[in-house]
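Below, each structure is written out as structure tokens.
You will see subunit A twice below: alongside subunit B first, and alongside subunit C after that.
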Partner chain A sequence: MTAVQNRAELPARERLSRWANKHRKWLFAGPSMAFVALLLVVPLAWTLILSLTDSRRSVRRDFDFIGFENYLEALTDTERFWPSVGRTFAFTGGALFFELVLGMIIALLLWKPFRGQGVVRTIVLLPLVATPVAVGMMWRLLFEPNIGFVNEMLSWFGIPAQPWLADPSTSLATLTFVDIWQWTPMVALILLAGLTSLSDEPQEAARIDGANAWQRFWYVTVPLMRPVIIAAVLLRGIDALKTFDILYATKGKGGGAFNDVETLNVYAYGLSFDYNEYGLASAVLILFFLMILAVIWVLQMQRKAKS
Partner chain B sequence: MKYGSSAVRALAAASTAVVVASLAACSVDSGIDDNASVEGTTIRVTLANHVWTETIKDLIPEFEEQTGAKVEITQLAEDQLSDQYNVKLNAGADEIDVLMYRPLQENKLFADNGYLADLTEQVEADAEWDWSDFQEGPASLTTYDGEVVGVPIITERTVLYYRKDLLEAAGLEVPTTLEELEAAAKAIHEANPDVAGYVGRTGKSAAVTQFSAFLYSHGGDWFDGTESAIGSDEAREAYKYYGRLIREYTNATVNPEMSWPEAFAVFQQGQAAFIADADSLYKNMTDPSQSTVADNVGFAPFPEGPAGSKPYNVAAWALAINEESANKTAAWEFIKWATSKETALQMAKLGVSGARTSVWDDPTANADYPEELLEAIKINGQNGVGYDRPLVIEVPKAREIVGEPIVVAIAGGDVDSAIDAADAAFTEFLAQDAE
Partner chain C sequence: MTALAEGRATAPARRRRPFKWGPVGRAIGLIVIVLMFLGPIVWMVLASFKYNVQIYDSSKAIFFEPTLDNYGTVFDPRRGNYLVYIWNSFFIAFMATALSLVLAVPAAYAMSRFVMNKSATVVLLARIIPGVSLLVPWYYIFAQLKMTGSYLPLILSHMFVSLPLILYIMMSFFDQLPEELEESAQVDGLTPISAFFRITLPLSVPGIATATILSFIFSWNNFMFALVLSGPATKTLPVAIFDFIGYASIDWGALMAASVVVTTPIMLIALFTQRYIVSGLTAGATKG
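Up next, the complex of A and B:
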């Protein structure tokens, strides 16, 4: 009798725990979902709203909704916006290509155990741990056209001094090199992790079939590594698209005197912090965001198509 | 439906409501009570890296003892300082009470945005502190729409720094005209191929303020009413002259992004004969720990151009109170002390040139200055123009527009078409800026 009564009127604690148990997938995911909403959706929504307004000088001033005028202004701007888009992708593409090739070479070299492996791995990874701003400052000094070490070194071989960062035609390539210097280790690290997890059998089978080293690499290792390579491209690509620190530390506001290293990020920063044009800056950022999404989408489709 | 979904509109409406409410809340009264005690309060002061800041830091314990208030300092470099204000003042944060800012760069923007508290009543009330003692030019720069919103603390003028030894070796007199300056730069460079005849700021935005003296002395100006004036013949001459001076008389690759620290470094290392820049920075040249040519630096008034010698004479920095500050009474107390005659006198003795007439007239104040510099400051002060950049609301953008031809001139490009483009862009900008 008492048992029946208890079941009908369960104590509150019990009921709560049952309810929690039933909805645990929401409960456990709840905090992180709220976190994401707060830190991602709110700023993004705010940027989206601002991008549709003529907000400038101060976000506390009155502003009017002007529809897609800012987007139109950005998309028809061939002086700053489109060149920035071009530079963003040139920088990312160049950096990514060399980082992948060099990263793969380094990973292959470090793959098989050898003496002093630990020391070599540490040295290779050193650029990765340096702060980008410090890296920017360091390379700015090294590339200084008059007193920099790089030109000094070239002169030992009788090569004339180069302007490097000081010339608009070479500055973006120079900074791409700096990015490659800093981030190749990370790509190598990811690829090395991928290599180590590969099983030996396919390699052995290929060897028995008479494949040479290049064939084994190209027809066995690379296809097996495909998901890892795409992960590396995804990680590094998004990061490279968003690069700001080394560009700003070496060339300053507006990406240099001729906007020669002005990528979308640097441009949006200038619009917002120098020009106080919050509406236009937000529109540029939203466009940038859409471009990154598109890149991710293409890469994801690639991954899915193959798997 | 062109504004998107109703949710977006609701959010926008909510944010507008917040903006309106906060604007309504802060326009009631100044919030400064001259008679209230500030004992026990904390004044949060944001300052730029400057000799003035270093000096005031040593004096602040006195203020704390006198008033019983505590002063908390945040110190930042110029660019970081601007970014901080852009974020914090923009957000309406109350965590800054007193701010050190650049009147020429930010006074119009900040005042127009309602970031700065109105100090008119306060500055006029205290006869002993004496607002009328502040030089007219600098004081006008911290006024907006008839309201005093800041108190100038540092003034500066363009001065010509030169290398005494190189000039002497070449048998030349100190140049008094721009023509002589160019001839001297050429002669010295020819005699010493490793030395640049002239070094100066080259960065698009950074160069504008120092170029201004060349522009005015050639008879040019930035704009006239709502029309750009940088397309005038005088301005064209000035752009070409400045570009030539930096480009022609050197063997080194000219760094196109120099602001004063980079340009000064060239001079400090003995690799240039002349540089015209702000006189408030002179210690960088005469301090042996920074400058290898400390003993050989000379100072001269800005040379005469076709329109005479017209350097700028401006208030470089000022103090203001954040409109959102909850501690305005103490903030004003701090400003009053930091800009008092006594503090200004102490500052002057340590080489910081202020805006108070009484201090400039005090012979004990400037004993520490090199005599030649003091003389140059006096002459420059008389000839000075009260602004070193276009006085508009959106100064950073204006600087980039009018600075573009400077960069092209230094690089040896087609200056005239760069000026034509900049001229048109600037007129367009001026119309927009006035909106």
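Up next, the complex of A and C:
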């Protein structure tokens, strides 16, 4: 009964505190949600609208709605659009495959303690914290056909100099290598964290049952690591699909003179800021976004399939 | 039962080998890893101390007379003010991280404790969407507000990277933090909000340190947003590197010096905080 009386007499500060505590869920989460909504949802809706218009040259210029013409133009474009889809997936697929295999090897090598383990771990960490643009510049010098160290090293083994980044037929593979150099450590660290969290028992049981090292790895460790591997693929795959910095740093605008490393992200950037084709760029970006979502959806299905 | 025991007893028939390849292979593997990851970085640092003539001369690969000439070029005030670019990179990364922490830490707490998975998905969408699709609208809005060329568009765009990252790391941190302490604090008369500030927050220092370091690194390294949104006075280091690439030729020594200037602070941070970085990068991935 005093509670009822008290409520009316509560000082303003106390009432505010009660209100705040009652609504703390949204008080805490609200500002972040609002920030993301403002910077994400509004521009995304804008992009969606622009993709249905003939907006070009200046965003301020009047534009007309032209339906799905931009999408049609992109999807029937075999000169720039489809090749860049192919490059995006070739780059991502190649990078992911080698990053997983090499990452697993590195994780297994670093798993058991040894002298100097801390030093090796620190060195492995360096590529992934390095600024991607600087990494691009660094490999640009190393892969320089005439003065680069890579060709110098090949010459020790009598292998002739390669053009690497300069040649349209090898540039994308070379840049895939750069991505592998920079991001294998990240995959290795994730897998290593997964390995460390595994219990020893299944390993021991398999050892007692007479499984050799490879069998223990393939039939015990890998299935147990499945969720971690999928998480690593998910994290790395999303970033690899959107790779921009090293491509731009080494080949410049449009993925080089022959567009030889032009991925979807580079293509969309070029359409937006070099050609100012906002309508078409937006359509390409929406298609790109849908592709990324599809990849994530497939991987999430994979993750849920067995757990 | 006995059959099983016998089977187990006979199975591990290990032969003694005179020589084991395992440790040798392991050592070789580790050496290859170290050379592979450290080598290119060492090469970049060496090249930054060479005259271009020495970079072109393979006989001077490792032994050469070092020069600070390239760093002189980088910091030459006539080229553009590199000290300002360093400050820009630092200031933008610092502000983006600080503001994101203020917004994201309580949000991560709420999303973790109230299991707001849908809200978390919306925020994590920010990590998935291609940045280019946001840049055109952002640029237009900032131009309308006459803010292009100031720090604000850069800080806001970098927050867009930092905030989801911090939220993601802190959510997995709070998921693992037991609720009992907060609950007993509330029994002792603290309101839920003061329990968060007085009990949970002090316990979260390791998580916050991890989130801060990674957010700073990702903001410092960010290139695309600054490429579009920065003006001559707000240029950040990753964008300023391109000053050393001409149309006709590249000043390799200066380019490498500029690359060393942008990566060194980050690598130093990484050396001293590697445990936090590793725990942050692997956060959530091992939960399954």
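One rule holds in what follows: the second predicted complex is superposed on the first by the 278 of 307 C-alpha atoms of A that agree within 3 Å, B and C clash if a C-alpha of one lies under 4 Å from a C-alpha of the other, contacts with A are read in each partner's own complex, and residues count from 1 in each chain.
One rule holds for everything that comes next: a contact is a pair of C-beta atoms (placed from the backbone, for glycine too) under 8 Å apart; a residue touches a chain by one contact, two chains touch by 3 or more.
Note that the structure is predicted; figures quoted are calculated from it, not measured.
Student: With everything superposed onto subunit A, say whether subunit B and subunit C fit together or clash.
Tutor: clash
Student: Can A:L293 be said to touch subunit B (first), subunit C (second), both, or neither?
Tutor: second
Student: Scan A:G103 for contacts with subunit B and subunit C and give back first, second, both or neither.
Tutor: It touches nothing on subunit B or subunit C.
Student: Is A:V129 touching anything from subunit B or subunit C once the two structures are fitted on A? First, second, both or neither.
Tutor: second
Student: Looking at A:P43 after the superposition, I want to know if it touches subunit B, subunit C, both of them or none. Which is it: first, second, both, neither?
Tutor: A:P43 sits against subunit C, while subunit B stays out of touch.
Student: Quick check for you: in the superposed arrangement, does A:G237 touch first (subunit B), second (subunit C), both or neither?
Tutor: neither
Student: Of the two partner chains, subunit B (first) and subunit C (second), which one does A:G94 touch, if any: first, second, both, or neither?
Tutor: After superposition on chain A, A:G94 lies in contact with neither partner.
Student: Does subunit C touch more residues of subunit A than subunit B does, or is it the other way round?
Tutor: Looking at subunit B versus subunit C, the one contacting more residues of subunit A is C.
Student: Would you check which partner chain A:V59 touches, where first means subunit B only, second means subunit C only, and both and neither mean what they say?
Tutor: Both subunit B and subunit C are touched by A:V59.
Student: Considering only touches as defined above, state whether A:S17 meets subunit B (first), subunit C (second), both or neither.
Tutor: A:S17 contacts subunit C only, not subunit B.
Student: Considering only touches as defined above, state whether A:G279 meets subunit B (first), subunit C (second), both or neither.
Tutor: It touches nothing on subunit B or subunit C.
Student: Using the superposition on A, tell me which residues of subunit A are in contact with subunit B and, in the other complex, with subunit C.
Tutor: Shared contact residues on subunit A: 46, 59-60, 144, 146, 272-273.
Student: Under the touch definition given earlier, write down the residues of subunit B that touch subunit A in their complex.
Tutor: Residues 2-4, 8, 11-12, 15-16, 19-20, 22-23, 79, 82-83, 86, 89-92, 109, 112-115, 202-205, 252-257, 393-394, 396-397, 400, 407 of subunit B touch subunit A in their complex.
Student: Within their complex, state which residues of subunit A touch subunit B.
Tutor: Contacts found on subunit A: 45-46, 48-49, 52-53, 57-63, 65, 67-68, 144-146, 161, 163, 166, 251-254, 256-258, 272-276.
Student: Which residues of subunit C touch subunit A in the complex?
Tutor: Checking each residue of subunit C against subunit A gives 8, 11-12, 26, 29-30, 33-34, 36-38, 40-41, 43-44, 47, 55-56, 58, 61, 103-104, 106-107, 109-111, 114, 116, 119, 122-123, 125-140, 156-157, 159-160, 163-164, 167, 191-193, 196, 217, 220-221, 223-224, 227-228, 237-238, 241-242, 252, 255-256, 258-260, 262-263, 266-267, 269-271, 274, 277-278, 281-282, 284-286, 288.
Student: Where on subunit A does subunit C make contact in their complex?
Tutor: Checking each residue of subunit A against subunit C gives 17, 20-21, 24-33, 35-37, 39-40, 42-44, 46-47, 50, 59-60, 105-106, 109, 114, 120-134, 137-139, 141-142, 144, 146-147, 149, 152, 181, 185-186, 189-190, 192-194, 197, 207-210, 227-228, 231-232, 235, 238, 242, 244-245, 248-249, 264-265, 268-269, 272-273, 278, 281-282, 285-286, 288-289, 292-293, 296, 307.
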